[in-house]
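Supplied in structure tokens, the structure appears directly below.
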């Protein structure tokens, strides 16, 4: 459960930006870090926690907007160049934060206390994180699969020229998708800022997990991500608990490798095949 | 009935079969796109394959090339079962295909496109000569240095035909070779196809341009909902009431 | 390349510094850079060394081991420095140590570490397990009981220090009831915490390091056993987790270290005051800052006594058992191992993260290399790093 | 320069067609009208408004429907989602003509939940035309719509367009190679060569000689 | 003669000559430093081969870099004989080739492609790095040599020959010449390969796999071929690096080390080998200079430069320079082979 919500929340912003736009955002970790900083600073200033988290997400959303307008906008349809640019962005953000805020920031206590099952304590906040992860996925699924905006944005990413000639303001679609992705990265940062120590490299702890989850998820950024997060989460936490964290981490990576080898299009490819079957037989 | 196999054998000795499809079937989910199709093409034949949109024509080509593998049935090339052979090997066995959606390398030049297509079949020091010959043949020699993405739809179509020819196939599969071509270009294509056929290339083609079909084809197979619907000479087919109903429609446009 | 030591005809003495001021290790690297600046400024203000000013040459090594190698070579071959100090992580130290040996360059590693480096040119003046592990374990077992659970970072420092914990436990009658190693960069500890709860130890030894792994404490705070005593050799003293994490995450934590900002001796307080005056924005003055500062003074003293920056002469002086009254107390060089003999304090953090030094071991010696491995660097140098379970 | 000095005038409610050999610039001209390619000089005036500087999506929202050559569809969207994308140009009118589309293209209705990328060539073509019609454009630009479509459906496309042209006053700009379709649909026919208009005729005047003249290689 | 000249050729020739006489003009330190820059070029070339030319998006070239480095260290240190270092060099490359072949076979014959290859290679790299980082204990040794955990292995010997009384150890100038000459040879070989049958086969794979199969190309085979040789080249780079520094550690394989070659090759313009080589050296030079300055803004400046390079010169800065010189000195619009045409650089996919 724990591992699941971590993988999902780590991946969610990236899933939108990579899954929808094909932009490999190497600054994803730094976006998360920025969210954590904003949330932490606001909380330290006395802003209530939920509000601080929301403002963190919004702040990173705004930042994403600026980054998009200045840089990413010029790189639509050039995913390789965006690798270079986002790498540059990540260098600037990481070091910039170090220069501005120093190497560390006072962390905050996890809210909501803990509960006990058997003789083991669990943090309530962790449970809340799990619920939030699920909720976010439902919301995102709904937004991207069942609203006009979602449809247009998916269409734009597949064939920009045709979407444009069908009356979709495609540059706005790109921008909003990037901003939403940034917002979710910021949200993740905000949510985890209460459980982790805060510093300029805060985000790099999410990077590996987020990439693995998103890519194992495959082409469909949402369904795929959930399934990948679920499966990898079980593998990871199971192995970590029984054999220790090292095996857990290696197991996560090996599971990802084997999975992709068996289903070379990732989870969404697998699901789509199943779905077609089901639909045909039902209808 | 008992005698049929022997009869068939006789046919074989006269006309060597180049391609044989046996009970070919493929399902996509619950959709049976190709349904138990049997088709024999003899060496040197020029066979048309027509039928409504979504009848399964292109899918049959893909099955012949091994892009899809069939749910059931076999593909037999020159008496060898190639159902399990990989795509690239089938290409090396002498099947050339022009797909329905242009499959040119958009970011390369025309020259590079033909070169890639030809180099597996032509000795290295003749390759430039061959490229020029092919380009001239289809009339795109002036476009060889252009990036293919910048060519018009029709020009890409020509390029693709040149690429297909460069492998000197024994069996040529053409999926809608004249789509998007004007009457003059269509006629020209017909000429090329016929010439190739005279030189011994067996050809199966798909097209919706009945004038083109009429012009070059001796025998036509009509496919409908994945299954063979009718087969015969072009005249027979064109007068087949059912075919008119499902496919040809009234003749209002003829004679243009 | 021998002329690097004959810089006597130049008008400054060059001190090369290799510290990470960006990247993963900036947290400590910046403190250590500042410590050098402070020490050098003081020495220069007091007339310099051998009548010359000390010039610091300090590229930023960016927490990148390759960069350490590039920069070490540059300092030696191009800048022709007289001494090099620096490196935080053991990996970066190991990246440059062979270069120092190849070029006969005097090298100070003024940093707490897992111990065991025996090399003629290297002077590891920071705290080592003899200083920290044996002491803290003795205190913990005496005061809290013998069931020990170790959670350590899964790399050389963590593994070797955990080995030391095991050795100490054996010597002192403790028992290891659980041990887990966590890959560097891991920030999620919940399954580890569950395991610790199940094992019910008398105290917990935490040998985690790096910014990510300090997340352990907050997570331990919400779901761990509330008042289980903890012991460590690096946390608090080095990366001030007690400041960075909200109380009471590190309640009842013990660390044996030569120095923390909170040390209440007059020398320590004076040092912190000077440091804070020069660098008012720094978050903390930790043990590595003090060690670095002391390292500079030890070297300066050796140069002064040798009357030259010539490496062999300076080493000879250092091996003479040179000592210096550092902010943490008297520090002297053990000639046989090139490590330092120093006073060690036991620091304890309470519920509100107030830190106090509750115990003191005087002049703890780095005995291990000599006693267990028979090393005597005054005679012969193996240029190797030894570990306790070889 | 691919297209130069082209002036065509499309009257409301009329069907204008453009013919020309491969590569003379027909598609380029259409893209220019849609704003998919930048124009160096000249103006595009729609409904009396100069839209030369409007972006593509704004032009579309003014009521220009476009069926590109090769029938681009969104391969990973379902057929239904593809059609819904066509609604975007319809910002004023409410009811979309789904039933009409399904009526003319029954195959589309059968395949609503299939990924458009797996459709056959002709199905894709039908989808692309249906998608353009759904938003009830005032001007419909068709770039070789008959390509890959079976003969009897080409006929019905002719009928549909005629129908909508009559019923709703739809204006059509048609690039075609299929002379039959031009003849049934078009009022006026422009011939293009090497990027310029080289002839203008009433469609029923089109004779084989003329076709020979404009289309021969 | 001049007709066949273009900016790329002339610049590369000029550079070669400069580099060949560099030890005469630069100091010992400069030469040593340049050897380091040049040794990293092989890593970039390896990525050019598999990504730029063949279109395989590998995020894990550093895995093979590491394999090369570690294998060389293990073998050369287990035998205390200078001549064995040559064997170690060869074996290290063979091992990396074999591993890359196996991994390639595993992926490409299983139909794994595009970004999924990136994921698998990255995961393999991280597994290796994670494993090696925790291998500090004495149980982890091969022969007599400890893996050394996160601290890595040091005191790795340079490549050396000893024939009777002749003894040559590749260090300083001799290492430099070894690197520069192998580099020139490899460069010329690849340039020739690129316009030959094999080169075009790789390009076919890059441009469109489905279509190329239909033209008779054995895609998985070609992919595996390119991938395994790419792995070998990366390993060569790794060996050079360890002989240069005498040291290798798992950090050579962590996620940022893995990303750097990708960024370099992409920023240079991944389809042009000359550009990739030049840009790699420029980047290492620049980032070292910034690091030397000790400025806290070093990484910020580096980031800004990368972004500007990509925004202002989307084709890659070196390719743009080539084009510029072509126009000025050779009066021609550049038509490079292999799709690096003036107006296209980006393939939408990987």
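Note that the chains take the letters A, B, C, D and E in the order they are written out, and that residue 1 is the start of every chain.
To be clear about the criterion, a residue touches a chain if its C-beta (ideal position, glycine included) is under 8 Å from a C-beta of that chain, and two chains touch if they have at least 3 such contacts.
The structure displayed is predicted, hence computed values, not measured ones.
Asks: Quick check: more C-beta contact pairs at B-D or at A-D?
Replies: B-D
Asks: Give the label of the chain whose average Cα location is farthest from that of chain B.
Replies: Between chain B and the rest, the longest centre separation is with C.
Asks: If every chain is reduced to the average of its C-alpha atoms, which one ends up farthest from chain D?
Replies: Relative to chain D, the chain whose C-alpha centre sits farthest away is C.
Asks: Quick check: how many Å separate the C-alpha centres of chain A and chain D?
Replies: 41
Asks: Quick one: report the Å distance separating chain A from chain E, using the average Cα coordinate of each chain.
Replies: Chain centroid spacing, chain A to chain E, equals 31 Å.
Asks: Measuring centre to centre with CA averages, how many angstrom lie between chain D and chain E?
Replies: The separation of the two C-alpha centroids amounts to 50 Å.
Asks: Centroid from C-alpha atoms only, then distance chain C to chain E, rounded to Å. What do you get?
Replies: Distance between chain centres: 37 Å.
Asks: Which residues of chain E are in contact with two or more other chains?
Replies: Each of 130, 134, 296, 298-299, 347 in chain E touches at least two other chains.
Asks: Going by the touch rule set out above, which residues of chain A reach two or more other chains?
Replies: Residues 94-95, 98, 204, 246, 249, 279.
Asks: Note the residues in chain B that touch 2 or more other chains, in rising order.
Replies: If we look for residues of chain B contacting two or more partner chains, we find 28.
Asks: Quick one: which bits of chain A touch chain C in the complex? Just the residue numbers, please.
Replies: On the chain A side, the touching residues are 2-3, 6, 94-95, 98, 102-110, 113-114, 119-123, 125-126, 194-202, 204-205, 237, 240-241, 244-246, 248-249.
Asks: Along chain B, where are the residues that touch chain D in the complex?
Replies: Result: residues 28, 51-55, 57-59, 100-102, 139, 151-155, 157-158, 176, 179-185, 188, 208, 210, 246-250, 252-254, 256 of chain B touch chain D.
Asks: Considering only the defined contacts, which chain E positions touch chain A in the complex?
Replies: 106-107, 110-113, 115-116, 118-120, 122-124, 126-127, 130-131, 134, 255, 259, 262-263, 266-267, 270, 296-300, 302-307, 309-311, 314, 346-350
Asks: Going by the contact rule at the top, pick out the chain C residues touching chain A in the complex.
Replies: Residues 22-24, 26-27, 30, 154, 180-183, 185-188, 190-192, 194-195, 197-198, 211-212, 214-215, 217-219, 221-225, 239-241, 243-246, 249, 281-283 of chain C touch chain A in their complex.
Asks: Note which residues of chain B are touching chain E in the complex, please.
Replies: Checking each residue of chain B against chain E gives 65, 67, 86-89, 91-92, 97, 99, 103-109, 112, 115-117, 119-121, 124, 145, 147, 149, 163, 167.
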